[in-house]
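Paired with subunit B in one complex and with subunit C in the other, subunit A is shared by the two complexes that follow.
And then the complex of A and B:
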């Protein structure tokens, strides 16, 4: 303690303070692992083939973005929303409806640069209205209301033919094509998803320390006290739903570009719950959690089939593996894989400090 | 009626806080019955009474945590009876809680920063405060004022009880308070911490009035100029500290009967 205080009186104190503030704001800047992961992600197209690039990594990033919107609501706002995938799916449907697709009787044929902002705006509105309903409740009732919205949307898309084209959905959705680049080719699309995911990740990280994010965490910890400090807790909750809805909508637009089609199966109740599983398995305390959860989910979904068959089991049982993993996480680490990793690292640093003496002191 | 001053005093413009016939029911139970109180700007008053006398309910009605079942509440002349709590706070009302109501997951600094932000603009700002942000300076000053600079980067969950009580007071001092409700600020404090608390209370700017609920007479009667005695949800007696202290009925009811 005395050591720490004496260092504060060194001449370059203000420069140090700025640097400390920067490091506190962006802790990953001093983490070599974060730099390594970022480098690998950027040069991924040199390492991975098209299958890995799209089916594993782009899919992970897209699911990660959608789960990130849930992490923002649940981690900082204490609101577990099961409708985040529904919002993403709504954005995807709107891209298909306003843009160009194989179903010319439904799609309006707008260019992508008009259809995409329209889809983002409508999906954000949808999420905000859903949020305005959900904030009237707390805890399990929030889950029930958002699940009800998700289920209602799923059945509505199944039965509505005029806009959503019923259970067949909308196929051969056009993808952006500009500056002479087809942005749906594997490498270009990988970079689009990586860029969007990075922006969303840093935006959530940044907002968590801005007044809006701090106030949201205050509402999570003690909403009555927040009102006694001059904040309108419900207005903050609804604004959080709007912000999360925009992130989920970005994920939804990427998803429809990825699969080039959207159908009720994409917004099923099961898929909604998958997003919850991804966020919880990864960890909802930090924005990186949903991406780790998404990677585990996608790897299991893609490869568990082969592994299971190798062991002479039914390949369709990969969900059993995911379910068991989910149970294990909920039992042993309520803050997900991130929590496991942090505890493991803390144990390691404390043991090296005991043996080798204070490298950090 | 006659003079302007009298007419103004009729609508309560001269009072910091004016409660008229405030009643609060919980089901069939009347926690407050027909409470009428007028507090001048800058006045410092203690509310005494045994457990269940309705003291905290009185605070909850004034801040809007629980709105009154009937009656009106005016704050500096404005009828705030129907206002949500945050609108009352933005007008300069503040309160502390009997059981610390803080944000355990956030640091001391973030707790105080939120309190400063809550009574200023930019509550929804997506931009992080910069190095020279005015509210950051206000935060720094407040943290110092309640002697918490040494622990400002610690999470509130890790603080000692006395420090949490001090933080509780800091949150009520943020911005430009005009009137503060202290709900048992000395609860669970050591004698040294009590002296610090008295120092903080007596050094508040003179224009800031407050009502303090406090069982410790040594604290309560040293920091106030008037006393309201409550019993079974009603106002039982009002007067100067020494009158109340020596009142035989009050002694019978409160200072005697089990209390030492």
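And then the complex of A and C:
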């Protein structure tokens, strides 16, 4: 039977099969909404002015990339790591230390094409080492250890003046100029962040379906069984940390280029927790979640002040709003905004199906 | 103890040598060569005593944390907020009534009540979902931090030390011998010693309550296996509420202590949350003696570090944690 079928379909089989395989690997290509979002993001500079482009969208994409690394670890590896922002901050510091900045006594003054790969490599190493430490424990212990690593790094940057310049941090970090373009001008920088975010998004999407990602999800679901099948759970976990650290480091490099300075405030415990909030609010089941979470977070952070004042409330209570929103999400939807949206859509489709069925019946 | 020596003779030897060296450093009069190398003995003794008393404070915070974790598997990341809340309450009461002792009692009750409300209204609904509970505590810590910033502002507060505890006391520890042959003894603030003794008393009381009473037996059984305990007919929810109230109340007391020792300001909540995390990671999750050991180690490391290697004090603490995780991931005194 199957032989018969395969001989029947032989003429256009190869073309069809590659197309189907492609669609299976990248289901986004079939989704018109995804194309629409991509189009809007690409033509964004025509729509939005500099403020929106950088303060809202580029910031969202950067935070989204950092939160994406957490989503990868938490969603596919089952490891909630609070040190992703620390890795990003470490990468940012390394860019400032190896590259050119206003603090000439600290910065080594390397050109950007040398400093950036160095920063990425060191931050990935840092994240991998932290991961190797964190995988010795499981579940909630991981949260505690990564939080302790993040907090230790924050206090260390505060105390260390030789490399991290204490609590003043490193200012006026140089941004790349090449091909005759200043890549920190609004539109160019927006496209840089968009490009990096897209690469990270598709990389996570790809890895999650590659054999390594599948094995990682197997380790998340039942590590003893995976070990019995001959996989090395801890090696997979550490590799996941390394991959996530690289993504977080990319986000960190973009962040230091965006703000042109870095200080312990950028790697504070609160900021580490913000990344967790972004990922959880967006939803840690899919790579798009962190970006949605980041957009919500950035919009709230930017406009909560004005909105609260408009309603006659104290504008400084922005963090209260964030905290309550986070609590509400954790309480009612374990997979964030994406979960809410999917539940809503499912209810809608089931109700239309039911009504449709009634009509036909 | 004897079993430990039997099973790990090398480690036991290292520990004994370390303790002996420390004891010699504390009690002997330092030869001039040593003073030239690492500074005056008075500085060292002060750092050691500061470290031990700071360890007492860390123990108060961390013991509640570890108790709650041990029984309910709930990593209460809002524990630092409870600490700071207790401190603010204590400050308010002590300035209002002028009584230092009363501020402890009120802080304990108020923060324990917050703990009861949290357990009944929040954590009971998501029992067994460790990760979700932890997320909720993170959200709560953000909300609490902002509420406290709203009410108390960003100022520094210090709880007034009562007059009968102000001033130094002479300890029978020689720091040096004057050229005239007259011994010089160490002067140390009385309040820190009293607070340290109080935390030792609280620790011993907790140990006795856990190991010698019926309630303690129930709690220990719950740490080992909640489900079987519930199946034997113990009203486990009541035990949970009690333990949460006790743990939170201890954090409240610690807040008043911290407010007297140091000061209260936004950000202290994270600092003490981190301290209790490191303490229980080093000592062993869910173990009260582990919390005590971890607290003393971390307190000593922090103070000695800040005296002898000031820029890297925090790294010493962190290195201890890394070392413990690498050699004994479950913590020094954990059973598993």
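Note that the second predicted complex is superposed on the first by the 333 of 361 C-alpha atoms of A that agree within 3 Å, B and C clash if a C-alpha of one lies under 4 Å from a C-alpha of the other, contacts with A are read in each partner's own complex, and residues count from 1 in each chain.
Simple rule for what comes next: a contact is a pair of C-beta atoms (placed from the backbone, for glycine too) under 8 Å apart; a residue touches a chain by one contact, two chains touch by 3 or more.
Note that the coordinates shown come from a computational prediction; the quantities given were computed from them, not determined experimentally.
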Margin query: Is A:143 touching anything from subunit B or subunit C once the two structures are fitted on A? First, second, both or neither.
Written below: second
Margin query: Per the contact definition in the header, classify A:239: touching subunit B only (first), subunit C only (second), both, or neither.
Written below: first
Check: Touching A:230, do we find subunit B (first), subunit C (second), both, or neither?
Finding: first
Next item on the list: Give the label of whichever partner, subunit B or subunit C, reaches more residues of subunit A.
Entry: C
Check: So, does A:206 touch the first partner subunit B, the second partner subunit C, both, or neither?
Finding: first
Note to self: If we overlay the two complexes on their shared chain A, which of subunit B and subunit C does A:218 touch? Say first, second, both or neither.
What the structure shows: first
Item checked: subunit A contact footprint on subunit B (complex, rising order) -> 63-65, 84-86, 89-90, 94-95, 97, 101-106, 110, 113-115, 117-119, 122-129, 131, 171, 174-175
Checklist line | Complex interface listing, subunit C residues touching subunit A | finding: 73, 75, 77, 130-132, 134-136, 138-140, 142-143, 145-147, 150, 270, 274, 277-278, 281, 285, 310-315, 317-318, 321-322, 325-326, 329
Check: What residues of subunit A sit close enough to touch subunit B in their complex?
Finding: 18, 21, 25, 206-207, 209-212, 214-215, 217-218, 220-222, 224-232, 235-236, 239
Next item on the list: Note which residues of subunit A are touching subunit C in the complex, please.
Entry: 80, 133, 136-137, 139-141, 143-145, 147-149, 151-152, 155-156, 159-162, 269-270, 273, 276-277, 280, 314, 316-317, 319-320, 322-324, 326-327, 330-331, 334
